[in-house]
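Shared between the two complexes below is chain A, which pairs with chain B and chain C, respectively.
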Partner chain A sequence: MSASRILWFAASILVGLCLVAIWQLAADARLVSPVFLPGPDKAWAALERGIASGELLDKLLGTVGRMVWGWLLASLLGIGVGALIGISPAARAWLGPTLEFLRPLPASAIVPVAIAFLGLSEGMVLAVIGFGALWPMLLATVHGFAAVEPRLYEVSRALGLSRWEVIGKIALPNALPDIFAGLRLGLTVALILAVVGEMLASREGLGLWILLSARAFRAPDLFAGVILLGLVGFASALLLSAVERRALRWRLPPG
Partner chain B sequence: MDSLALPTCEPLIRFCGVALTLGGRRILDPIALDIGRGEFVCVVGPSGCGKTTLLRLIAGLYLPTEGQVLYGGKPVAGPRQDIAIVFQDYGKALLPWRTASGNVSLALEALGTPRAQRPARIAALLAKVGLAQHADKFPGQLSGGMQQRLQIARCLAQEPSVLLMDEPFGALDAMTRQALQDEVLGLAASSGATVFFVTHDLEEAIYLGDRVVALKPNPGRVADMFEVRLPRPRDQLATREHPEFLRLRRTLFDFIKEAEA
Partner chain C sequence: MSGWRGLVVPLGVLAAAEVAALAAGLQSDSLARPSEIAAAAGVALVDGTILRATVQTLAAAGAGLAIGTSLGLALGILLGLFRTAGRLAEFSIEAFRPIPSVALIPIVLLIFGFGYRMEIAIVAFATFWPILILTQTAIAGIEPRLLEVSRALGFGLGRRVAKIVLPAALPRLFVAFRLAVGIALIVAVTVEITGNTLGLGYALMDAQQSLRPALMFALLLWVGLVGWGLNALLLWAQARLFGPAAMVEARP
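And then the complex of A and B:
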């Protein structure tokens, strides 16, 4: 890390700490009733309690599991179908209009459909996550596959690469930067839909925990759940960035 | 080379009345051109006269609308692995996500070279074009001249009988260009490959070629051919000062000026 990056990092931490301090001051001054807004000290205590008892950890694992599985499902489908569409004009012609129809549908609109088919089950939640997180991945993959430098196709013909080699060695790596952008977006969508799905289908997880805490006026527990959710989003994005930096290191400046 | 396969008088590449129409436009009028095995043929002509098109016909990237391109006596039906192409835009012809080694490896992978044999071959090829120190760099980290060297190494990995080069040094500075000219001459001599070399630069054509083919535009056709009777190996100073070089240069300059008038 360069000196300026360390400085920026320190500054961003400082901003975060300031916000927490303001939150604490606001809570201590009782600007909002403590029934709705506990201070960070109370939220932190609730978080510690929940983790110590193992209760919050269970919820955390439930939500993370749902998010990851739904996201993987969407990624596999999105990249697979996207590659197919990107590589084959016929597939584009056949599937294109259907996809254009489905794409703008908000994930919430298909929740009733999913419930009708799958009930208030784990499968329903996964289906909703998969559907919602699919689009960024699919569109990014299609774009990445379609944007292959034509010269590279000529190179592959001159070298005598097989069709599968062209897909795996030219088109896919070419689409990778786009795919990573899609994966990142999809991850966010997956977390949101995991929480919403839990609330709707009453599956064990942070989303349900937050909902129930709110209903029972257990504000510190509610905030503990929100903090955990934030951490999940933050950590997963960080992890993905690390993988991306490694996979796309050819795009880094020289050195 | 396999001297038994063909009598030496038979050309390796033969254009038999090859004409090309693309999108209703006549690009090439019927062309007759023979290229001998091991010959170094340079092609010059004003922009848009069909030099690249001619090269693509040999490569099998275009198929003629009339006539045939014969390769070893058989019609060219598509690209083949023993004909390698060095593209002008090296920046676009390399895989940016693969290192120098990886880019050379691509050709070996296409050939089905066993994985165990690849590293040694790659190292030898990179050494041959002077990139041994840069095996692990990505194309984005290499200079233009190095990228073009890398593309040449990838083509050599194909062990081609024919090397097609489309203005390969057009975008390079004079020093790099001269160094690469001599490298290509060395590689062609040591491999015995037939070279078809497109260039804008008349002096480059004379310096490199056994023969210079001059094209005329609208539609593209062969205007004239010039035998280059200069001793080999060529030398950047001696060859360029040779009276025959100067005479040819004069002839070609006059010819091109006339064609463009």
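And then the complex of A and C:
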């Protein structure tokens, strides 16, 4: 990062701090009822208290664990099945329209179906997260495989590569940018569905924590939970883009 | 053309499910035969329950989308035109954006209670961020000479936006809008499923809780159809308005 870029970023952090200060002033002046909007000092205190007592940390781990497991499940399944469909033009022709129909289906719409089969259980939440995060990855993988330069397939045929070799050596590396886009979208979906699932099925986690805090009118606790959820989203996106930069380094021009 | 092949798999699955359910003499609180689902869909379509729920969902999603899009567009244009402001806002935007919109349901519920207002507020929040960011990048991608021309002509901010910025960024703004429509529908249904007593999401939950699997699956298919139809409509409009050159995907 160049010096001017760091300077700009520092300035933008300063602006962010100013916004927090305005929030503090607004809360102190009681512009909004403290039932809805506690000051950042109160939210911060609630955050510290929750983390010190370990309670919020437990909820955080619950939510993150659910999100990561569901997302991993969906990633493996999505990339695997997507690769099998994407590598074969026939499979694309037979299955493509069905997949395209399912793509815009709001993932949360299958929550009732999952409840009907699995009840209000941990498995239900995981199934919903997995199902919801599956589609972005599956479709991105199929798309990435379909968009591989056809000549590369011709070369692989000329070299007599087997289907698995074609997938591993040619199609998968070429589809990686698409797959990473799918992974990123899937991660967002997984976090949202983890929160929804916890709220509906009363599983221990940040989603349930903010719901219960709101019912008990404990607004500082609620804001502490929301801040933590924002951090989870931020950190996971950051981590993924770091992995992506490493994995796609070979695509960048040298230097 | 090989369009017929796409229909074989879903029709085959439906037929197989029908035969299997008949052979097994299915009696279930969570499963239904495809023919029962079709019948339930027919009944719900004729008596208007599906249509009423659809109108409720689309109204809430549409109102939230309108608010989120106009605010996001306005701020995005400002931050895109005035680079200094854009750079200064970077951290605050990156800090706010990852908050999952559903996490706000309890707060907004405290403020508005159940109903349209709460759903609209959450849809507006969810659509605001992608529109803001995609608008900002769309404006940043405008040919700089166009902006110089507008300055040379002595345009004020209003005319600069109306005559130069919006037309130049329109194809990419439309892609952002298409993305936001999808998000709006998803968030609206999610809010309804999480407890708001409105629309398709609530109807789905209600069908499940009253143990009417046929109606539940009929609604699920309908939700899929609505999402697919909206997306197809917007794709068609995009191709009509901007031609095939503009058929790019948005990456928030």
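One rule holds in what follows: the second predicted complex is superposed on the first by the 241 of 255 C-alpha atoms of A that agree within 3 Å, B and C clash if a C-alpha of one lies under 4 Å from a C-alpha of the other, contacts with A are read in each partner's own complex, and residues count from 1 in each chain.
Everything below uses one rule, namely that a contact is a pair of C-beta atoms (placed from the backbone, for glycine too) under 8 Å apart; a residue touches a chain by one contact, two chains touch by 3 or more.
It should be emphasised that the depicted structure is a prediction, and the values quoted were computed from it without experimental measurement.
A.B. asks: Would chain B and chain C fit next to each other on chain A once aligned, or clash?
C.D. replies: They fit side by side.
A.B. asks: Once chain A of both complexes is superposed, is A:Gly207 in touch with chain B (first), chain C (second), both, or neither?
C.D. replies: The second partner, chain C, only.
A.B. asks: Applying the touch criterion given at the start, work out whether A:Ala242 contacts chain B, chain C, both or neither, answering first, second, both or neither.
C.D. replies: A:Ala242: touches no partner chain.
A.B. asks: Which of the two, chain B or chain C, is in touch with more residues of chain A?
C.D. replies: When the residues of chain A touched by each partner are counted, C comes out ahead.
A.B. asks: Applying the touch criterion given at the start, work out whether A:Gly96 contacts chain B, chain C, both or neither, answering first, second, both or neither.
C.D. replies: Touch status of A:Gly96: second partner only.
A.B. asks: Could you say whether A:Ala52 touches chain B, chain C, both of them, or neither, answering first, second, both or neither?
C.D. replies: Neither: A:Ala52 stays clear of chain B and chain C.
A.B. asks: Touching A:Pro106 in the superposition: chain B (first), chain C (second), both, neither?
C.D. replies: After superposition on chain A, A:Pro106 lies in contact with chain C alone.
A.B. asks: Quick one: minimum Cα-Cα distance, chain B versus chain C, in the superposed arrangement, integer Å.
C.D. replies: It is 17 Å, taken between the nearest C-alpha atoms.
A.B. asks: Mind pulling up the chain C residues that touch chain A in the complex?
C.D. replies: 2-3, 5-10, 29-30, 87-92, 94-96, 98-107, 109-111, 182, 185-186, 189-190, 193-195, 200-201, 204-205, 207-208, 213, 216-217, 220, 223-224, 227-228, 230-231, 251
A.B. asks: Across the complex, what residues on chain B touch chain A?
C.D. replies: Residues 59, 61, 78-81, 83-85, 87, 89, 92-93, 95-99, 106-107, 109-111, 138, 140-141, 154, 158.
A.B. asks: For the complex, give me every residue of chain A touching chain C.
C.D. replies: Touch residues, chain A against chain C: 8-9, 11-13, 15-16, 19, 35-36, 93-98, 100-113, 115-117, 181, 188, 191-192, 195-196, 199-200, 206-207, 210-211, 213-215, 217, 219, 222-223, 225-226, 229-234, 237.
A.B. asks: Which residues of chain A touch chain B in their complex?
C.D. replies: Contacts found on chain A: 149, 151-152, 154-162, 165, 169-170, 173-174, 176, 248, 250-251, 254.
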